[in-house]
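Below are structures written as structure tokens.
Common to both upcoming complexes is chain A, partnered first by chain B, then by chain C.
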Partner chain A sequence: MNRGFPDWIFRRLTGVVAWALFASVLSLVLGLLLVVVPVFLSGWDGQEGGSSPALDHRGSRLSLLLLGTATRTLLMSLAAIPAGILTAVYLAEYAPSGARATRILRWLVHGLAGVPSVIFGLLGLGFWISVVGVGLDRMAGDSAAPVWGRPGLLWASLTLAMMTLPVLVVSTEQALRSVPQELRLAAMALGATRLQVVMRILLPNAWVGIASGVVLTVGRAFGEVVPLLFTGAVAETQRSLALDEPFVDLAHQVFVLGTRSPEHPSSRPLLLTCVWVLVFLSLLFHAAAAVLRSRILRAEQDRL
Partner chain B sequence: MLLPRSCDLGSSGRSKTASDAVTSESSPNPARIEIQDLSFWYGSTQVLRSVSMVVPERQITALIGPSGCGKSTLLGCLNRMNDLIPGVRQSGVCRVGGVDVQDPGVDVTELRRRVGMVFQKAIPFPQSVFDNVAFGLRIGGCSGSELEDRVASVLQRTGLWDEVRDGLNGNALGLSEGQRQRLCIARALAVDPVVLLLDEPACALDPISVGRIEELIRDLRRDHTILLTTHPLQQAARLSDQTAFLQAGELVEMDSTERVFSQPRDPRTEDYVTGRFR
Partner chain C sequence: MALEAMPALFVRLGGLGTSTPISSRWNLISLGWGSVKVVMIALTVAIPIAIPAALYVSQVAPVRWRVWLKPTLELMQGVPTVVLAFLALWVLAPALQRAFGAPFLLNGMVAGVAVGLAIVPVMFSLVEDALSAVPREWFRSALALGATPWEAVRRVVWPAAASGIGAAVLLGMSQALGETMIVMMVSGNATLPGWSLWDPVRTVPVELALEWVGTARGSQRYSELFLMGFVLLGLSMALQGLARMIRIRNARQRGEVAS
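What follows is the complex of A and B.
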């Protein structure tokens, strides 16, 4: 009798794919080392002569870059996290399930999560700068020198927020839905209002899951370059950090320095430093997410 | 002693007080349940067919019947927990204490405090034992020493006090299965409901825990109207004053438990209680 696809082939196949994935991650790390180590060595040689002004210069550049990245990530989080959690609470608790409007909203959110980041960059340029920014300038009356109608820190942060929002909504809704239905019903049966269920049952029981989603999305946004290209990041600026000013950014700097022509070998040490800081910080984000995940697992085991 | 208003949760039917006497003059007993011509649909599937019954106050009434006969749905109509299920439809009237629970003037959260419910699956909140019992009181605005006293007294009434006294701040998930179920009953009792709906309160427990819970339910009869669903027929026979037999959404027979089990009027009831299936 024909029993269809043999089990062992499928088992092997899944194993092969999983380990191939592992190998490709490993090769990514190795590739990074191959690119960075020679630069590191040559960079080190360059500094060996004791040119401390260059080192100082690098340090001050790095702190500017970190400041820019930290500020835009923070602004993005301030905009995206509350909006994301509120939307997820609405979708998980309040939205009439099965209604067409809810289905459309959920479909949009999931759809947005898959939109390429370059599209978000253009969206930020088109919406935040050309519509909102230019509109603000027009309201202020002085059209000679645009203040808000040009790329700047605020618009870059909001563009990033729009990009991370869908992912945040999806992961938060997932975390809220993983709270056992029985707890929700028990609270409702005790006369709790929806708001009380959300505040006293859902959020306290789902916060670890919500937080791990937040950490991962913020971690991704922090290393994101493409949406910043059109909306505010610049290679160099003399102006200090302000909401309406273009800014320098760590990940963006890696892109700028990395795509520069080889005639600029002097920027190599800075590039290398930026790459290491970037890798280190994203490792930190992932470690935080891993800690949170292990807490979720423990909580789930307790519940059983 | 008068409780502060903040802790006075719902119109209490626990003991006859002056205010109760006043209300019972103007309206029927607050603990009496009347169901008239109740039909219920999940989508296009009808699960209750014109059920009418009167559940007398301060007695235990058991709902028996095969799985899917509409027992739990019937309970859910009384405190409007069924409102939470999308795509359902209902006709007919349920009255608790003379008040139509579907009346637009009814505050649903208030109704659910008066008509408490304990679910089949005893899942405490993943918090301390104390916080579990205090949940309903806190959302009603009770706090401080008043809250502590009430939690202690409810735990005493449910016989849990001696077992959890030293672990009030321990996680409720650390309790045994039977203790969890009693904690869930205590949680529902804390807000002082008039009616208690128990959905298979002792399923999948060991005999000793079942015995404890049955004893507790028997004690609660003094102060509450109890409507419970159960699968083990012996439990209904041991525990209840009235028994109602439902089949395919239809109330086949309701009478004193003794009559239903010894001389049922309807042959379908007889088949069910004697374990004969066609």
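What follows is the complex of A and C.
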């Protein structure tokens, strides 16, 4: 008893904490998905159920929000994914591995991968808008109203791309490194060039790992709001979607509507709908990445 | 590369003279103090949840439960922080006010607790990795020598994983330091330098996100914001770097190749 008591505490207490955490995470996620569904389908407390004009209005608002979010996520992916994969291939295969420059580059990339998103918002403002945007306006001539030198969809996407790039590089490099060295050496021994090794051996073998990293990173950027505050998300806009225009965004809308006064209940259905869609799609990204990762694990077990 | 953006930062910083007015220096101190308060509360909340949970999952739980526990807890990382902030604002803040009778609905305590809960999944996952990296045979050998599971964990597994756990705490801290959305929505956002944890606070990242709108390009305030951003960047890179250094050293001690 004397000796067993701390042991008993250890096993029970940690178990209680872990299972409580498990239960709360599960109920949080399921709660967000299930409890909000009735609201999603029928309006707040039945006050505006059925196919009222309010519901139609909500539907059209929602599609605008989704369009903005989809466009900025897509533009971001177009900019970040190829650059991220190329950088990772360079770091893993081409960069002289012992050189100081490579080591510093890798430290920087790893460090940047964990930098808070506000910083990237600030960098987007300071670089894309104040330097590139203002420069473009100046080149275009002496029009009084700024076209590019102000927050807009393109700058928001590029800022998000800047934010996701280091994370992509880190995860892709990890996937490339997990390809067995023997495969690389065998290909080299058969006379393959470096490019052939990368194209025929590394990318085919590592693509599942690369893809799971990409899906996870894009999913995280999808729900990210803070950089958009700096670079172009607005609460409402009358203009249509364009590269140089501010835009409405799903995740940003949760912030906008969530911080409105609770005495302002008319926006609640839209808010809850946004939350639901945001959580559902984020978890979809997460689940897709998990499925890919389980494929890697199985492949590794097969190889053993 | 994101590195391209660095010169812009330096150019902006060049505009920052040494003649900062006293009032804005005071402002910087209050903001820093706000950040310290929120990060400390967050760590106080997150560590006692994340570490026991990780101990259980990695050391006590049978494997068939472990395969369910870890992915479910990591599912939380997939929920966007705006959603967590929304929940903190609509559920946690009223609940805390009802329980403790705080004078303000939105205050530093709510922000700290919310951020703490938000960093639990990341911290749990990293601590669990650190504990699982200790060879299971060590634990079994200790049991074979007559140790109870608790003694085996405390004397064998914990010391071997301690630096990795330290790295996990540093990473959690860096995330709490940079957390913007949650703090912005539930902290009340007033720059107050007081001691009370139940006062509204404003942290450095929130200041950046709220203040840039009304700030003219090239003004003193503008370069001040970039200075704060730069300090935040430096701090979080330092924390990341330290954590990575620890992890690389650990991997090398185990004879693995670090990335």
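Descriptive notes on the structure:
The rule is short, and it goes like this: the second predicted complex is superposed on the first by the 253 of 304 C-alpha atoms of A that agree within 3 Å, B and C clash if a C-alpha of one lies under 4 Å from a C-alpha of the other, contacts with A are read in each partner's own complex, and residues count from 1 in each chain.
Here is the rule we go by: contacts are C-beta pairs under 8 Å (C-beta built on N, C-alpha and C of every residue); 3 or more make two chains touch, one makes a residue touch a chain.
As the structure is a prediction and not an experimental result, all values here were calculated from the model.
After overlaying the two complexes on the shared chain, residue contacts for A:Leu183 are found with chain B alone; chain C is out of touch.
Using the contact criterion defined above for the overlaid structures, shared-chain residue A:Val275 touches chain C, although it does not reach chain B. A simple residue count on chain A separates chain B from chain C, and the partner touching more is C.
Across the two superposed structures, the residue set of chain A contacted by chain B and also by chain C is empty. By the touch criterion given at the top, residues 3-4, 6-7, 9-11, 13-15, 17-18, 21-22, 25-26, 28-29, 32, 83, 87, 107-108, 110-127, 130-131, 162-163, 165-166, 173-174, 177, 219-220, 222-226, 229-230, 251-252, 254-255, 258-259, 271, 275, 278-279, 282-283, 285-286, 290 of chain A touch chain C in their complex.
Across the complex, chain C meets chain A through its residues 1-5, 8-9, 12, 48-49, 52-53, 55-57, 59-61, 69, 71-73, 75-83, 85-87, 89-90, 120-121, 124, 148-151, 153, 171, 174-175, 177-181, 185, 205, 208-209, 212, 217, 225-226, 229, 232-233, 236-237, 239-241, 244, 259. Only residues 79, 81, 84, 86-87, 109-113, 116-117, 119, 121, 123, 125-126, 135-136, 139-140, 171, 173, 184, 187-188, 191 of chain B touch chain A when the two sit together in their complex.
Those residues of chain A that touch chain B in the complex are listed here as 96-98, 180, 182-183, 185-193, 196, 200-201, 205, 299, 302-303.
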